[in-house]
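Two complexes follow with subunit A in common, the first pairing it with subunit B and the second with subunit C.
Here is the complex of A and B:
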């Protein structure tokens, strides 16, 4: 890892360019395509997740260090919790509420 | 990983534990922001006669500037850590200062944006939508503010003490925090701003 650090940080540059490109692509899909709203949401949601993965691996080096695997398990666990909280809340407070 | 290739910030057992502990904290931060996103998604259609959703108050150009400022600051803080691993104190200092300036630019844009929202009749008390919006954006903005203060203080230590096992570990942890704020912003940009303007 530090054996490579004197080199030019290509992974950072690639990550940065990809983030900018994905952001612009998300704006393009949102405002300049004729997909339905839900299709647009799925596409830009996928872009957001891809960008988050770029940050985690190319910028934050999540797998680095002796505890790399623990870091990954911890972050995956937190993301699962986040999804349960978000979709669980929406489900209970919209469809669950309407069913009563 | 053999010892001579281990970056300085991972050298001592204490530093390794600090970095691991900070990842656990970031896990808790993910859950914190998830709760704020959840409340926003539930409340966003309750506009109570105020501005009728994102399309009425969001300005794409300003949001894009904020996004690019924060994306670039995440990149420069990555370059700072790259410089740190090359034992380049000057590079580390300059890239971190660039990160702070970009972060301050982001905050300036965001505060102006809040003033614009208020001008459009959307205060935190206007409706469920604006309460959820201001809470989510404000919590993120407060994190950025805290990060700027935190990194500024670390840079004072860096100038006084140089790149040591302790200062490198602290700056590495602060860079993780900064990247994390960018990750949160990506989701705010996508699921608050773009979603609000298209739906």
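Here is the complex of A and C:
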């Protein structure tokens, strides 16, 4: 860490600016465009995920340090599991009903 | 509520159990008081946070539950040993197969394996204890309280009776209004939280507390399988927690997660149950694989063949185990696409499993094999488990499963994977690590008797089930007609008195006799 303090924290600045920009963009898309509400949801959802990634890397330094690799594996693993559970369940239950 | 609503009444066998339970409790209290052991029990065992002692308590409780689940099994076998038997009525039979399944998986297999993990893992990685010793004690007591709560159901209030899978709508309060299935929802919730904490504990222990220099690929194989098992626990148990919470809400507070009224969906229960349930079968079998690997390498006097491929196979199994759950309900009317995909993923699991079988065989090849009791269990495991695995692949074909589903063929399959995969492993592990727990070796002569009776009895009991299953005998039936012809096969090969009875009693007797012996000897 001490090596970092001497340099200007560019990545923090970039993260900060990007976060603000993404938030403002989300406000803009929601209030000043004519997309249907489901399209708007998808767009701002994507912004949110993007912003979460920025925060994880720029501010929370997930990949750094001794625990970095474990953190990353952990996050990826949890996301895969969540996706399997959510989309698996939806697929299995809806296609079952459609077939009946 | 009057007393005869509180206690289950009207069945002489249950009355006998109630009296026996009361007498045992009075006897235990009297004995401990007479020996002046209360303080010792409290300070040395009940409040201990020592991983070895917690492990030993898990193992003791697991053996006790093996006995209870085994008596359930014997009763079922007695009832179905010939057509139109009158030992149990339909309701009683339903309750017994339900408690049998729940107890054997959650209160026998899990604590025995977690017990051995507790004793062995810190020793294998050179740590003083697990990462969170107090949490570990909490896990044990949560499990123990849950097990006791579940066990008293048959004398107080009535047992759950919708199968260990407790499918809705049958398990909903519309069809089973009594308290029985509340026992299921609540005690499994308590036990599940304990198990989740154990999973977290071992993940942290193995990541953080390995001795300096023990890199990932230098970990003993049992440590590896325990690590991956713990990850599956952390991944899968929360699903069960949520499903059980919904079940409790439905049963106790009238919500409709799983009832069609008000827009719920009974199939959601099946889906969530097996999202947990299939990983659960790997949770119990992976640590067992690890134990066999240790035992086989030791008594073949060789290094484990293909250590790395073994690790990758276990990781592969862990990943695939989250992708196969629908194979438990192919017949529920899914689309062809769903059934085909899940058939494929299920068959894929056989690949890493096969890799492991070959690793064990190649470890044995040209080894100087010593036929110790624990090695015998490992050697018997390989062919028996292979039969279970191969029949699993048969069940994995969705189209064929319409024929096999919920027949005795399925019952034979899972007993052929679970008994060699878990029970043989626990025996192999106990004989192998016993000196680490108590400071002396178990008697090899009794051990060989134990082994042969158990393995022969196991095969005689479950092998015929494949055949009566293919003949159309379905599971969970409390009786059947003479004209089905099933009685002959069942009677011929598996008269409960001769086979099932002997392998079971022999194990229980051995442990009942040897445990006190061991404890007294180890205290010398």
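Criterion: the second predicted complex is superposed on the first by the 73 of 100 C-alpha atoms of A that agree within 3 Å, B and C clash if a C-alpha of one lies under 4 Å from a C-alpha of the other, contacts with A are read in each partner's own complex, and residues count from 1 in each chain.
In this section, contacts are C-beta pairs under 8 Å (C-beta built on N, C-alpha and C of every residue); 3 or more make two chains touch, one makes a residue touch a chain.
Please read these numbers as outputs of a predicted model, since none were measured by experiment.
Enquirer: Touch check for A:81: first (subunit B), second (subunit C), both, or neither?
Expert: In the superposition, A:81 contacts both subunit B and subunit C.
Enquirer: Could you look at A:10 and tell me whether it touches subunit B, subunit C, both or neither (first, second, both, neither)?
Expert: neither
Enquirer: Could you look at A:28 and tell me whether it touches subunit B, subunit C, both or neither (first, second, both, neither)?
Expert: neither
Enquirer: Given the superposition on chain A, which partner contacts more residues in subunit A: subunit B or subunit C?
Expert: Higher number of touched subunit A residues: B.
Enquirer: Would you sort A:70 into first (subunit B), second (subunit C), both or neither based on which partner it touches?
Expert: both
Enquirer: Scan A:89 for contacts with subunit B and subunit C and give back first, second, both or neither.
Expert: A:89 contacts both subunit B and subunit C.
Enquirer: Of all the subunit A residues, which ones make contact with subunit B and with subunit C?
Expert: Touching subunit B and subunit C on subunit A: residues 70, 77, 81, 85, 88-89, 93.
Enquirer: Which bits of subunit A are touching subunit C when the two form their complex?
Expert: 70, 77, 81, 84-85, 88-89, 91-93, 95-96, 98-100
Enquirer: What residues on subunit A touch subunit B, complex-wise?
Expert: 1-3, 5-6, 9, 12, 15-16, 19-20, 23, 26-27, 30-31, 37, 40-41, 44-45, 47-48, 51-52, 55-56, 58-60, 62, 64-67, 70-71, 74-75, 77-79, 81-83, 85-86, 88-90, 93-94
Enquirer: In the complex of these two chains, what residues of subunit B are touching subunit A?
Expert: Its residues touching subunit A are 1, 5-7, 10, 16, 19-20, 23-24, 26-28, 30-31, 33-35, 37-39, 41-42, 60, 64, 67-68, 71-72, 74-75, 77-79, 82, 85-86, 176, 179-180, 182-183, 186-187, 189-191, 194-195, 197-199.
Enquirer: Tell me, which parts of subunit C touch subunit A in their complex?
Expert: Residues in contact with subunit A: 207, 231, 235, 239, 265, 267-268, 271-272, 275, 322-323, 325-326, 332-335, 337-338.
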